[in-house]
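Down below are the structures I want you to see.
Two complexes, one shared chain (chain A), two partners (chain B, chain C).
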Partner chain A sequence: MTADKRAWVSPVLAKSLPVLLLVAVPAILFVGILLYFTAWALLFSFTDLELVGRKATEWSFVGLENYERLFSRRGFLESLWTTVTFTFFSAIVGQSLLGFTLAVALRSYRGPLKTAIEVSLMLGWLLPDIVAAFLWSATTSRSGLINQLLILPLGMEPVNFINDYPLTVVIIANIWKGTAWSYLLYSAALDNVPREVVEAAKVDGANGWQRVTRVILPIIRPHIGTNMLFITIWTFSYFPLIFALTGGGPGSQTEVLSIFLYKQSFGIGKLGYGSAISVAMLVIVGMLSLLYLRLLREPK
Partner chain B sequence: MMDNPNAPSRTMAIALAFLAVIWVSPFAWLVSNSVDPLATGHLRLPAAVGPDNFLRAMSGNAARQFWNSMFISAGTATLTLIVASGAAYALSRLRIPGRNAFLWSLVLLRMLPPTGILVPIFFAAQGAGLLNNFGIIIALTVLNLPFAMLLLKNFFDSVPTELEEAAHVEGASLPTILWRVVLPMSRAGLAVVWFFSFTGAWNEFMFPLIFSRSEASFPMSIGLFSAFGRQGAIDYGYLSAFSIIYAAPAIAVYFLLRRNMNTGFAGVGVKG
Partner chain C sequence: MNRKFLSATVVAAALGGIAVPVQADISIMYPEWIASLVEPGIASFEAATGQTVTSIMLPGEGYDRRIAVDLAAGTAADVAVVDSFMVAELASAGYLAPLNDPLAGWDQFQYYMPGLLDVVSYSGSVFALPTDTDVRMLWYDRSLFEAAGIAMPWTPQTWDDVLATAQILKDSGVENAFILPAGTKQGEGATMQGFYMALLGADTPEDDRNRLRNWAEEKWIGDSPALRATVSLYHEVYNVRQLTSASINYATDIGAAVREALANDEVGIIASGSWEWVCLFDCSGVNVPSVEERNAMLGWTPWPGSGAEGAPATTNISGGWAIGVNAAASDPDMAVSLLTTIFDYENFAAWTLTNGRMAVRTDISESAPYLENAFLAEATKLAATTTGRDTYPGYQVVSALVQEMTAAILDGVSPEDALAEYRAALVDEFSEENVIVYE
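Let's turn to the complex of A and B:
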């Protein structure tokens, strides 16, 4: 924002203010709906509302009962831990670190290998969630691709990965699907790093590792913060891939919070409890976001 | 390539090639199964090559699901763009105090897992008789709006106001200025938002899962999910062909808008 002396509305627009407000009306309406629904979700979390039956119409306020249940009943804390594991390994370790490594490795490299990697990363990212789920459920099944290419040639018994190591499969599938975003964002960020600075560090005797950690990382820190913010939030409440791949199972081994919430709300029909779970998720996501935003804002 | 000191070393090149193979092999599996009328779910050179799977995946239920998806996605993208651009322009040009904080808090609010607001949305849609594809369009537009407005406001911010002022001095009215000056100059931003909304809605799984009451209104995501989730023998050839058809529009839109996308990414990175 340039600090000029203009008022809150420029002379160009002063006379057309009604038109301007008119084009904004639909958005105001829709944002109103969003706020209304959010407030409603908050309100529901203090009630015993259910999907069907008597309590679907004659619900009543139960105070903090739903919130107490989060900690006193089995389910929520286990699911939170699954979600944290999933988010940490698939988003932060997998997508972000792998994306960054690839962006650094392929920087200023032109050739068929770079194109091949970029195109396949992008294809994974662009693929609809359910297609990715179909691919990974087919690849990791007993008769699937991994058994065919790796396990059987080594003379071992076929492994039903999707059943035996469900969380690992889900994490790898999400890395496979989501790394493109981090890679693209870091590539764009690396393009902003002046080549002279890196060259100068090289002349001064910094090795590859030092050039990355001492020169490049500090410069692109805001981009890292932005990326972490986005992918953590997405991954934390990611639903379709996991749900279509495992349905949260076997048992509840891959039951991340979004699936737990879905099952409590629409499977069992406890909408009040489901709302409390979503409020808890909002609080956790909000705190994580503030953490990253601090990282983003902090002066060098 | 050898002269370039930044080119990866041989070890690095092998590691990268290995990674590329891992990334590509599921696609190779998908394609080989889709063209093989006798597909078994194994990776192999097709026993026979024929369009049978694709023909089956383009007729009957599959075709109807394709058009349902198209309707939901194009509807959501267009409605999002119309609703968001007007408000984003106003937010960009009017110096309302706290507008950035307002937009960011909306975006943060939107981070509420959609599963959470699903409960009130479901109730409202049920009450309004909107448990159908129109309801999905409206619900997705509501959810898209904060991010779309933030992105578009950033784009409008980057359009110099001098041009609008010049047009104003020449006597152009606001609608003319918007149509003739602002829109053409922010085409890249508009395209990015349309693309994001289109693919988002095209991929959408959860809302159709709850909103779609009849098999006739299923989009492709639900169609595919219910087909491979079924017990018994999986028809790999058909599902592979179906998957490719389902994935194609999202991929095609991206490559059509690729140049605009890069501008969009830069915008997100710098201003986010």
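Let's turn to the complex of A and C:
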């Protein structure tokens, strides 16, 4: 066997068949398990399988009924819209833009302020979701921190933020929680932008805005694409913080698809319908990923 | 010999462990609030047998879902505390072990009240032992009532009386004038403490007109005057009069949020049950104020009927919890032995009294300290005319759909549309011929 026949594996691995086999096992397991569960979800999405009771054991095939109900019953489309709003504002606008702005602003700055900002960003990221949920619930409730520190001293009526603006609270909480990732990724990307190139642009008379949009952004384009891909997928199926903070409520105001899926599958117990929801989520995330992967490609 | 056997077992267990998780010890799952019953039982069991018990204590919120998923997936503990309404459904799926034979030799089994054993039975066999039963009522904050100039003891006769009182409280600045449990986050609590209590008083009990299921016709009720009145009551409380913040039903920790609001005098009236006599202060039964202090802070009144013609004057529905044995328990005898140790008279009677729970056994209910407890005596009067849930297989789905219907009201969906969605979901689940409609 010649080396070029195995060009798809790393040359280090290609030298030894046992090593190659060894590393192939986890890869095959990983992909296999993934496919196995996806196949089950796909199969169950055509059934009326339930969590408990008679239909837990005597389920039957119901054709496309579950998929029809995604569109004919209130729930899925409303939830999809909530998810899109949540993902767009908390991940794409919030985390990515804020992370980028912070990375650019703090790039050449060294000092205690930078450390303080970085530590607080990381703290948000490292804190378990449940702890973060309690923190935000204590901050935004009627007797919470914002009311005690801002609203009441100004002589205004206390606001129950989590009751009146639940989706906004959840979006802000997630921006706070996730900005660290975008900040770190963009900081690393900016470090890779050669200083000479930026200096040259400066000499050519480009102002700060032009240097960012014409020089830096095109260079770190792949990083932006990668980051967008990651955070969109995460945020689209994000569950713990929202569930702990609001449980999808009040009513269904913060019921993103992952919570809708959870409630249908384990609250009501309709595993078949839940599977259909998860397949639909898979399709949507898949399409979004393809979109980003296209964006990642170099322009011709 | 013994040592050889042991090491062989260890090796076998280690090898087997790759495929099947081996549980050497006995395990038990229970929600946090019942720890003061379960944990002394575990301690006695460990002391008596030398076994180690793996105890899995979980938060009360979402416990029902967790236990159902764990039993379905085969990952549940050997002994499990479950809400009594789930027992028949879990038993029908084959997840719980029948207990009549294992308990036949236990001298205390005879004291369980037959009516309460019915709740935890399925096709003639007992599948769990009840821990307590309960009644439901409206609790109210005396200091807020006094400040608002409302006469006490408060004895509302109709829903309108309750709404009018709550309106006075709201106008006097109470944030949660009337908490009527709603939405999906508290699970069965919203169905029982809120929806059912109203539904039962919304219409006459004849022909099961005030229920979720018509038992004679063997059909679920998709629409009825009682359902319409109950959904409209939710609409009135949450949308028209806005008597409470909807978010209290979705707080990060609902129990803590309600207790905090109560301590801050932000709760006027709350629809809940007899356990709140202790739970509104501390559900584990420690640091609870004296009876006199509690009586000075809180009062309670039976839930009145709607005032509609033929509707009952007051309503009630009882539930309760139970402890069952996993059908797949690694050592069933040991599991049953843990069960009976927890329910041993000394431990069980002490927990029942400290926590003001309604007894499920005659040896406890006929004991002097129980008979002398004024709160329990009053609560027991309500139990005389109480009812039970429509726990026919499928009830769990129906109850979840009821919660979804109340959540729709919180979203501002009209009562007619919310009810139409409920009916459509019932038909999806049980098909048209199993759903009945009262005009």
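The definition used in the following text is that the second predicted complex is superposed on the first by the 268 of 300 C-alpha atoms of A that agree within 3 Å, B and C clash if a C-alpha of one lies under 4 Å from a C-alpha of the other, contacts with A are read in each partner's own complex, and residues count from 1 in each chain.
Following the convention adopted for this analysis, contacts are C-beta pairs under 8 Å (C-beta built on N, C-alpha and C of every residue); 3 or more make two chains touch, one makes a residue touch a chain.
Quick caveat: nothing in here was measured; it's all calculated off a predicted structure.
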Inset, instruction - May I ask you to decide whether A:A244 touches chain B, chain C, both, or neither, giving the answer as first, second, both or neither? - result: both
Legend entry - If touched residues of chain A are counted for chain B and for chain C, the larger one: B
Inset, instruction - Considering only the touch criterion stated at the top, classify A:F266 as touching first (chain B), second (chain C), both, or neither. - result: both
Inset, instruction - Give one of first, second, both or neither to describe whether A:R221 is in contact with chain B, with chain C, with both, or with none. - result: neither
Inset, instruction - Check the residue A:F37 against both partner chains and state whether it touches chain B (first), chain C (second), both, or neither. - result: first
Inset, instruction - Using the touch definition from the top, say if A:S275 reaches chain B (first), chain C (second), both or neither. - result: first
Inset, instruction - Check the residue A:R73 against both partner chains and state whether it touches chain B (first), chain C (second), both, or neither. - result: second
Inset, instruction - Identify the partner contact of A:S143: answer first if only chain B is touched, second if only chain C is, both if each is, neither if none is. - result: both
Inset, instruction - Name the residues of chain A shared by its contacts with chain B and its contacts with chain C. - result: 133-134, 137, 141, 143, 244, 266
Legend entry - Of chain C, residues touching chain A in the complex: 65, 68-69, 72, 86, 89-90, 92-95, 175, 183-185, 187, 245-247, 249-253, 257, 260, 264, 266, 393-394, 396-397, 400-401, 403-404, 407-413, 421, 424-425, 428
Legend entry - For the chain B and chain A complex, residues of the former touching the latter: 1, 4, 6-8, 12-13, 16-17, 19-20, 23-27, 29-30, 41-43, 82-91, 93-97, 106, 108-121, 123-124, 141-143, 145-146, 149, 161, 164-165, 168, 173-175, 177, 199, 202-203, 205-206, 210, 220-221, 224-225, 228-229, 234, 236, 239, 243, 246-247, 250-251, 254, 262, 265-266, 268-269, 272
Legend entry - Residue ranges of chain A in contact with chain C within the complex: 50-54, 56-57, 69, 73-74, 133-134, 137, 141-143, 160, 162-163, 166, 244-253, 263, 266-270
Inset, instruction - Could you pull out which chain A residues touch chain B in their complex? - result: 6-13, 16, 19-28, 30-31, 33-38, 40-41, 44, 102, 105-109, 111, 113, 116-117, 120-124, 126-131, 133-139, 141, 143-145, 148-149, 176, 184-185, 188-189, 223, 226, 229-230, 233, 236-237, 239-240, 243-244, 257-258, 261-262, 265-266, 271, 274-275, 277-279, 281-282, 285-286, 289
